[in-house]
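The structures come next, written out as structure tokens.
Two complexes are shown next, each including chain A; its partner changes from chain B in the first to chain C in the second.
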Partner chain A sequence: MATTTAAVTLTSDLLSDNMSVSATTTCMKAGTTADGLDQMEYGYVEIASGTAYDIIGNTPTASKASKLYVKNHSEDETYYISVVLDAQAVGRLYGGPNDTGDWMFIPADFHDANADVEITATGGTNKICYALFHEGTVLVAS
Partner chain B sequence: MATTATISISSDIAPGFGGINASMTLAQGGTEIDIDNTTGFQRRKLSAASVVDLVTMANELVEPKDSVAAKIYIRNIGYKGNIDKSVGVTIGIQSEPIGKLYGGDWMMMPLTCIDADDVTATPETADTVVLEYVLFYEEN
Partner chain C sequence: MATTTATITIASTDLLTDELSLASTATLTTAGTSTGLTGTSGLGRTNFTVGGSAPFASKIIYRANDATSNGANKIYLKNLSTTATQYFTVYIDQEQMGRLYAGDWALFPWSAVDGTEETFITTIANTWAAGDTWDFDGITTTAANSTVADIAAQIHAQNYPNWTTTISTAAVTFTARVAGAAGVVTGTTAITGDTVTTAGDGTAAITSGAAGTRSESDIIVVPSVATTMDLEHMLFRQ
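Up next, the complex of A and B:
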């Protein structure tokens, strides 16, 4: 079985005592306990301001257990990408100095043809890294 | 200190894939100023296969600023030590499903914090499941 694990550590001093949360998950295929995600797509792109793009070219099989990671590697904190799913605005991922820019890690449903993850850059050319872990895509015939 | 989140992904799917290690410092949109508000860490127990608001934006006691740099962390921790990776809870914004958190799965997602953009949770079954979550946002 292919094994993909994702771990997060979250710390904050916004409360009166420091908060620290750690979690790790092994990414399994939908509805299974013994079979891990076994396909992936990994890329790094530079996206100019203004035009919306689908971050994933081939649509993964709908309603599975795909996991999507996206990070904004732009060094300018005023740069950001807007993330939209099926015309629903999700939020923004800003760049940051010393590679402290925002990232997201979400389960991606891709529940129909409109549910591609769309990003639009603002501020300048944004540098975006992404990885999709999945269990099959609808490949485009040549 | 500030609010920071680091992610480490390892995988043996693709030969030569070296993994992903990344960190972010949660800042206010377009600035290097630390993000300044949080709901604190919360838990929500769900025992029905019906949609609920995990976060109702209009009900936040401190009004979040719209369309900037808010983030939410959510984890499906199962129930009383039983973490079932074969069933999950669909997380959404308004009526749009984002994806399903199976037992043990976690997510970190940006949010608009617009009043209509509530964060929803829909368990796949009526079996009890608990979600942990924390929202970081800017005060309006």
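Up next, the complex of A and C:
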């Protein structure tokens, strides 16, 4: 079994007291504690402004515990990508100087053929890194 | 300026031939700027003991009204369950994002595109008397005197559970607190649910109005079981 961990730390001085929230999860297959996600796709793309792009080219098995990581490595904070799930706007990942751009880490269900994760670049050519951890894909015959 | 950072580390020693170690830190800023986000809901915990049978009742964790539309808002969610088979299904409006299994967390941007709030103007006119009343949204305003501007001011001074108000002389503008097509305002000159009780010919005519539209990016979560599950959550908003 592969063991993949994903940890997050959120820190802020927005409140009267300093905030620090941490969480770590081991990326397991759906509903188990003994079998980790054992497949992944990892990529880096540059997307010209105005271009819409399905960031996941195939279809992971639906209703599993797939995880998707997307990071905007653009150095310009006015650049962003719009993330859309099956025509539903999720939000925008902005770039940032010194690689401080936004990232997201979500459970990705891919519940049907339309549940693609689409990104559209705005502002200029956005540099996007992504990683999908999953437990199988719907293979398409050649 | 507040500084909020989000750091992720994804690591595995055995998923690939070579060790995987991916780390990234984002500084959460407002849209298109280097100015830090200025608002947060704080860390919250919501219990789901919903009872009944599947499909189980959902809860709205954040409404689109809670944040700036198309802002650089971020949402953090974590399933606090320790039972491996228990998961939350996360939706943005009607679209299923995915399942958060026990211990899983997520951080994602949120466009928070909301709908429009219902709104109407009621104008206090004609002959009112002290003791006359106007009922709306479960609140009764009793006129202290016969002056229409004073009665309008009394109506404006109430705290309505579902509406906010502004006033201009004897005209009070009501705006729903939450976007939606609630059906209270049904047209440009009609609402449902208001009642005037007057000894004279006093009126509270609806002089304009607009129906609302529902938001289409509320964050909705559905548990996989009816028994206790807990979700930790936090919203960062600009």
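Everything below uses one rule, namely that the second predicted complex is superposed on the first by the 142 of 142 C-alpha atoms of A that agree within 3 Å, B and C clash if a C-alpha of one lies under 4 Å from a C-alpha of the other, contacts with A are read in each partner's own complex, and residues count from 1 in each chain.
Methods note: contacts are C-beta pairs under 8 Å (C-beta built on N, C-alpha and C of every residue); 3 or more make two chains touch, one makes a residue touch a chain.
The structure presented is a predicted model; accordingly, all values stated were derived computationally and were not measured.
On the shared subunit chain A, the superposed partners chain B and chain C overlap sterically. In the superposition on chain A, A:Glu75 contacts neither chain B nor chain C. In the superposition on chain A, contact of A:Gly91 is made with both chain B and chain C.
Of the two partner chains placed around the shared chain by superposition, chain B is the only one that A:Asn18 touches, whereas chain C remains out of contact. Residues 2-15, 19, 21, 23, 25-26, 28, 30-33, 37-38, 40, 63, 65-67, 69, 71, 77-78, 80, 83, 85-86, 88-94, 96-97, 99-109, 111, 131, 133 of chain A are contacted both by chain B in one complex and by chain C in the other. In the complex of the two chains, the chain C residues touching chain A come out as 2-16, 20, 22, 24-29, 31-34, 36-40, 42-43, 70, 72-74, 76, 78, 84-85, 87, 89-90, 92-101, 103-113, 216-217, 234, 236. If you check the complex, the residues on chain B that touch chain A are 1-14, 17, 20, 22-27, 29-32, 35-38, 40-41, 67-71, 73, 75, 84-88, 90-91, 93-94, 96-102, 104-112, 114, 117, 132, 134, 136. Taken in their complex, chain A has these residues touching chain C: 2-15, 19, 21, 23, 25-26, 28, 30-33, 36-38, 40, 63-67, 69, 71, 77-78, 80, 82-83, 85-94, 96-97, 99-109, 111, 115, 131, 133. Interface of chain A with chain B (complex): residues 2-15, 18-19, 21, 23, 25-28, 30-33, 37-40, 42, 63, 65-67, 69, 71, 77-78, 80, 83, 85-86, 88-94, 96-97, 99-109, 111, 129, 131, 133.
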